[in-house]
Amino acid sequence: SKEEKTEAPETETVTKEAKTEAPQVDEVVPFTSDEVIKVGVLHSLSGTMAISETTLKDTVLMMIEEQNRKGGVLGKKLEPVVVDPASNWPLFAEKMRGLITQDGVDVTFGCWTSVSRKSVLPVVEELNGILFYPVQYEGEESSKNVFYTGASPNQQAIPAVDYLMNEIGVERWVLAGTDYVYPRTTNKILKAYLKAKGVADEDIMINYTPFGHSDWQSIVSDVKKFGSAGKKTAVVSTINGDANVPFYKELGNQGISAEDIPVVAFSVGEEELSGLDTKPLVGHLAAWNYFQSAEADVNSDFIASWKEFMKDENKVTNDPMEATYIGFKMWVKAVEKAGTTDTDAVTEAMIGVSVPNLTGGIATMMPNHHLTKPVLIGEIQENGQFETVWQTEGEVVGDAWSDFLPGSKDLISDWRKPLSCGAYNVKTGKCSGQNYE
Amino acid sequence: MLKVENLNQYYKESHTLWDLSLEIEAGRCTCIMGRNGVGKTTFAKTVMGLLEVESGKILYDKEDISKLSSEKRAGLGIGYVPQGREIFPQLSVKENLQIGLLGNRNGLKKVPEKIYELFPVLKEMLNRKGGDLSGGQQQQLAIGRALCLEPKLLILDEPSEGIQPNIVQQIGNVIDYLTKEEKITVIIVEQKLPFARKHGDNFYVLDRGSVVANGEMSELSDEVVNRYLSV
Amino acid sequence: MLPLYHENEKNVGDLKQGSRILLVDGVTLSFDGFKALNNLSFSIDYGELRCIIGANGAGKSTMMDVVTGKTKPDSGEVIFGQAVNLLQMDEPAIAEVGIGRKFQKPTIFSGHTVFENLELAIKDDKRFFKTLFANLKGEQRDKIEETLELIGLQELSKKSASILSHGQKQWLEIGMLLVQDPKLLLVDEPVAGMTPSEVEKTGEILTSLSGNHSVVVVEHDMEFIRSIAKKVTVLHEGSVLAEGNMKDIQENEKVRHVYLGE
Amino acid sequence: MQKILQIAFLNLLFSFSLFANFETDIKPLTENSFLKKENTVEKLVSKYSENEKLHTLLKAMLDGELYYSRKEFVVLKDDEVTNLLGEKLERNRKIFKKVKTNNKLRSVIRNRLSQLNLFSKDVEIRFESAKNIRSNLEKDSIPLIEKALKFETDSSVKDIHLESEAILKARFGNFEEKKIAVQNLGDFLSPEALQVLKEIEAEGGELSKLASKSIASIESSRSFFSFLETIFFGLSQGSVLLLAAMGLAITFGVMKVINMAHGEMMMIGAYTAFTIQQIFPNLIEYSILLAIPLAFLVSGIFGVIIERLVIKHLYGRPLETLLATFGISLLLQQLVRTIYSPLNQNVETPEWMSGALEINSALALTYNRLYIIIFAFLVFLGVLLLLKKSSLGLKVRAVTQNREMAKAMGIKTGYIDAITFGIGSGIAGVAGVALSQLTNVGPNLGQAYIVDSFMVVVFGGVGNLWGTLIGAVSLGEINKFIEPVAGAVLAKVIILIFIILFIQKRPKGLFPQKGREE
Amino acid sequence: MKRKPMILKIFENDRGGQIVLGVLAVVVLYVTFANLLFSEGSFLHISTYTVTLLGKYLAFALLALSLDLVWGYLGILSLGHGAFFALGGYAWAMYLMLQIGDRGVYGNAELPDFMVFMNLQELPWFWYGFEYPLFAFFMAMFVPGLLAFVFGWFAFKSRVTGVYLSIMTQALTYALMLAFFRNDMGFGGNNGLTDFKDILGFSLQDDGTRVLLLILSFLALVLGYLISRYIINSRLGRVAMAIRDGESRVRFLGYRVESFKLFIFVVSAVMAGVAGALYVPQVGIINPNLFSPLFSIELVIWVAIGGRGTLYGAIIGAFIVNYASTYFTSALPEVWLYALGGLFVVVTLYLPKGIVGIVKKEKNVTAVS
């Protein structure tokens, strides 16, 4: 409907390149310059978010190591600067400021939660830095200085609902989430979407729980009752982090199987599954843009090098790692294209950059700083992996502003000149947000 | 029985016992006397091992116990009735007495009936919390508890404080009984002259942390009393 | 619960020699069925020095708890002066109206110096915003110095109260009671742990206080009682067993039996 | 070797010759479209219902164990390859590809299998199948159910069939049948029965009234059972709180150590359970039982070490214990991150703790919670006896009330302190094992429970074990009764406000430690 | 006896306080000049990063000071002091939020972004008035003060003491945390309030503004210190300490204990609120995590590490622990918790009086003037 979708950016053909770019492990290319390029890594290594974020730190370190073996970027060595914002949101902002002004990093990979990104945002914008944000999120944002390599709601939630509705025949919906922005937004979008598809109000149940909720007895029992009204029911879960384990355990124990009431989750990936007894979960679903089980050569290589890097055969990969991978590759490419690490040059060069993703397709950076991504629906297997049961035809373009929310349905984002705006109102012709004058 | 040689004790910087030396004879009742704050309680506590000594020896049955922990000393048969009762407030009277039994060297399992005879009020209040008792009742409990240990050496720090006259008399009788019949050694810190005179066999008067007079109780002269025991 | 200050003032009424200052009437208090006070009634006159004796557990300290507001009785009345109903007041209000107490087990503020202990106790406006700007007045300072001398703790006045020996703590608490200058002093076992001459001195202090104050003394030291007593009340099992002058009491069979012995 | 090959070959030949049709008919299962697979399954069922191989095939497909190569379909389980007759085959397992299924397909298969299994010898299987049929009733199920009813001997299975029959009759029978069925359905509880009745009620007419009556009867018993269920939920949450708080009731309630590392002691217990499963992967069924004493020991030893190294120096300074134990909790968390990685770990649930005890179709009690409730009460009893009846308990209480005097009475205070702290920590460890069955095992496990544990102990009254018990259970119950009305977040807020207000009324908790204060 | 000027009286017998505040004054002055006068390249230059960091430490120091007042001198171990800090912070953040105007991503002049996003049509009533800085600042003190007053009034009157009181303060902050996490509360839920643009007309991105905030924080700390010091030096302070050591005995002397407690508790809460208001513009975000019981416990630890019951010790503690976290999280990101946890244990074991205990030998009771 809106410009940003229809107008394809100038993409290069990358398919050929993708094949030749297979990792050449043995050959170590020397650096041609003494200078180093510093890369900030801003992921929590302690506190509640360490569970998820530590892996991403390691991913970045692995990518840097790999890149350095290839001679670095622009002949310069990449040097990681790792800090620990300790799951403490104000500390994210402080560390970001430190990374840019004290350590002089040229790019930062970091953040997981929305609030950490929100905390960092004013700082990257003020200091004109670059941040790659690798996690699926609620959208409603587009900053000149941030590249969103995770999914926006239209790249995860909507296709998942489509699948349930069309393939499984679901008629009743439980939207269960943790009480914070991502689930709230996603659910709002989904509700609008479902209603547009003719689902009645009484067939939608919305439930919010606090962070780390651990006693799911009543809620699961309610879901069970809700689901026993004769219509096929599914749970769309935006339950976050630690709360998932007790949730699934309770589901299993109360005898709700995936065949009765399937749960499709947007925050449960391979890594979360590795901390779970998967037996009772088999058949429940997740929607992501990447599964470890994806059959592609790049993916096998990636998994192999990951396991080698971590020196652990049991390590799994997941979607945010792929997002980090893509982000990193894109940044390297953009720097090489721009010939400098200068923020303005690199951000300009970023748009339109394409790199192969790990599922065998191509990820392209769109002018709204979001990616094109395939959407995969997978069923949980007993071995803790997902088996893809459905997948979008091609890649979906990430939407910064949802069409289903009244506040943002008229907004688009396009960081190319001359528009150069993250929140352009097509009705009023005004640009608000970052570039407001 | 107990011999103390050149004992020095400090509370942080303040020197409280100064080269204190004394000797307690077995089977007798020795009275420790002196004005407020001269170090009587401090002396009792050091013998019990509740305070660390800076220097000096405490010989108990010829063995130096000055480095032993207080639970070891209790195990050697030293019983203690502290000033200020120090009963276990949340334990019942019965449990307070049982604590005494726990440390009994002879493996006694039941509270001896004679303790109840001595302090009938304890029997009445067996299930009441120690902390709920009146001051005097607590004092009686503290003595009863120490007796449950069946000590060889019993240290009583102002045992008659806050106790009704007829019971004070009884306590005196108990002391007599313990020393005369059971041949137990008793050290008693006491301010009340008549009581001390009546039940003590010999005395030590302390002033500023050292012994200034001692002797048989009969030798306790008015002069000493006037000099060291009045303000 | 907040008392009306001015009204209390009025209700206390004129305190003349011989007028009643405290009335305890039919007070009963039980703990889980055990009657610590059992229909206890007696009264104290202004200027009087009253000794209260009684067996351990007779309810003497509990009676003081009731008068000072620490414990509320099950029934009965406690009136201060003409018409101040103490049972409807909380501890500070009772202290404010003029009742001071020395506890059986000395309780002093070990985090403060001896001097500060007395300063805290001294008679003054004790509302919080007054204390924020309070300064010791000349006469108050003198009073404290005087008291320090009386209780023999001048040398220790700048020392922390935590280092005092048992007897010294007793004295400090007596001192705190003195500077508080209450109309009615409740003194629980003041001479426990004191040397004979100190006992004598305490007796003198208490006797000299009576006249302008009312003093209620609880003690087990009969010699001490004998030396100061005019009128003695004997408590037993929570009620008054006998009341009268020392001689009568000493000859009272019942008292001899439950209390004095011999 | 040759012989085996020969046999295999013969086998192959044999199956080809006899079941050639079957073999070709199952071929479409290798296709990608789930719809096609579904149709194939339907076809197979209608055609080969008597064929043993179909059973095996469907079962394997359901369990994700059905594989195929270009030549054959096999069952691949635990690295063993068998054919559809259950005979072992010597094959390289690499050549096989899995027959993919999805939820919908599996549910179709399960449904079909149930029809076949209605006559199984195993009562359990019949029971499950009957239930499955009940929730997937179709008009043409009537003959099947009637047949099953004749065959059935077990009464509980029979009941389900009767219910199914009633539902079908209410839906598809003639007026008289409908009337009786509608009346009868009032005695059943399943949502399916309710569903039919509601439909009939909506239709209006004479039946509608009868249906309303039956509905009322069902709903009233359902609401009764849902009340029981809520009580169970509350009890269960209460027992978790109790377990979490009990160790604290000792270290904090009795010993007065503000033990911020209490949560980490639970975490250590949970990791012990995890480690045991790692060491003995074959003993999953018993690992939990093994983990309980071991977790007690491991956490207990940690407790003793902490006490001897740190807490020992802090008696009489309760506030400092807060500081030091907070430090220790940080250290332990990081230690676990270093040793086990920051990720959550997977503690498997033994078979006997999964699933639910089904009382009827309106009330089912999950086993893990049921066991945890029982376990919590056992632990409580143990602690109670230990503290109240043993001389250790007496000593502990004496030591904590007056350490000096206890020493002077000959009690080895150091030893008692260490043992008590050890026991408190050990119990926390045991609680951790229980939690590993309910929630995450990760470095943050303890943090999630520490605030609640303190709340319970204080609410119940510090130093009173009964208080902890009643406090835990009542907080659990209150929470579960508020939650459906207010939502999970508000329920928690309300509980906290309730506790704050309650403490105003009873400043020393539910069961205050009474006594005259000095 | 001659009356001394109040300020001298306050600092009497307080070498520690004089030194700490003196050193801080020098540091703040130096940082101010080094940041504003020297250009970025110069080695004398001190970066805005440092300025902000120092400002944050100062706000934390004020918070620690406020806690020491109730814990060190009144004996109330508040495990929920973070709540007052956070409330002050939120009040001021609301002002900052409304200053954004139509510069938000949705360009809505009336509503902050998160409200547009929550589909709110108009400003909720409790946001009224927060566009006025004076009102907002008043609320930053009033709201924490009011909460402290209400909570304290009930709790102190009911004589809730000791750990019961501590855990209740914890319950209070925990309940507030859960409530503020709810998006329906109208305070931005988990994401909190962020993306502030300017304060009192000055851009928050200007170095000058940041330096000004730093100086303001310092002045607030000094003022807070003087007030606390005055209170504890007065007889009221001595009554407070007496309450700490023997609450019921104080009553028998005629002091209405609950008024004393309430007064100090409210003063402390107001100070914490001011600290929160200073903290928010400097770190740029506020989120319900500040209400988390863990933060409040950490706060207690700053005070304990510095030295409880000395006031200036609280300031030292806040600086040391926070500097340690800042340093370790960057320098030793993998093991910093070992370092921090170890620090806590070691300080408790070997420095029972906190860090100031090393220097300070004399007793902590102020002599009578």
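Lettered A, B, C, D and E in written order, each chain numbered from 1.
What we mean here is this: a residue touches a chain if its C-beta (ideal position, glycine included) is under 8 Å from a C-beta of that chain, and two chains touch if they have at least 3 such contacts.
Since the structure is predicted, the reported quantities are computational estimates derived from the model, not experimental observations.
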Separation of chain E from chain B in steps, with touching chains one step apart: 2
Chain separated most widely from chain E, comparing mean CA positions: B
Winner on C-beta contact pairs when A-D is weighed against B-D: A-D
Chain whose mean Cα position lies farthest from chain D: C
Centrality ranking, top chain (CA atoms only): E
Where chain D and chain E are represented by their mean Cα positions, the distance between them in whole Å: 45
CA centroid of chain A to CA centroid of chain C, Å: 76
Intercentroid distance (Cα basis), chain C paired with chain B, Å: 30
Interchain centroid distance [CA atoms averaged], chain A/chain E, Å: 37
For chain C, residues contacting two or more additional chains: 103, 105, 107
Two or more partner chains touched - positions in chain A: 45-46, 179, 210
Contacts with 2+ other chains: residues of chain E: 178, 181-182, 248, 337
Complex contacts: residues of chain C adjacent to chain E: 68, 70, 90-92, 95-96, 100-101, 103, 107-113, 115-116, 119-121, 126-129, 131-136, 158, 160, 176, 180
Partner chain B, residues of chain D touching it in the complex: 391, 394-395, 397-398, 401-402, 404-413, 463, 513-516
Chain E residues touching chain A - in the complex, by the definition given at the top: 47-49, 52-53, 56, 102-108, 114, 116-119, 178, 181-183, 189-192, 194-196, 205, 283-287, 289, 325-326, 329-330, 333-334, 336-337
Contacting residues of chain D [partner chain E, same complex]: 252, 258, 260, 310, 313-314, 317, 319-320, 322-324, 326-331, 333-334, 447, 451, 454-455, 458, 462, 489-490, 492-493, 496-497, 499-500, 503-505, 507-509, 517
Chain D partner contacts - residues on chain E that touch it in the complex: 77, 151, 154-155, 158-161, 163-164, 167-168, 170-172, 174-175, 178-179, 181-182, 248, 293-294, 297, 300-301, 304-305, 308, 335, 337-338, 340-345, 347-349, 352
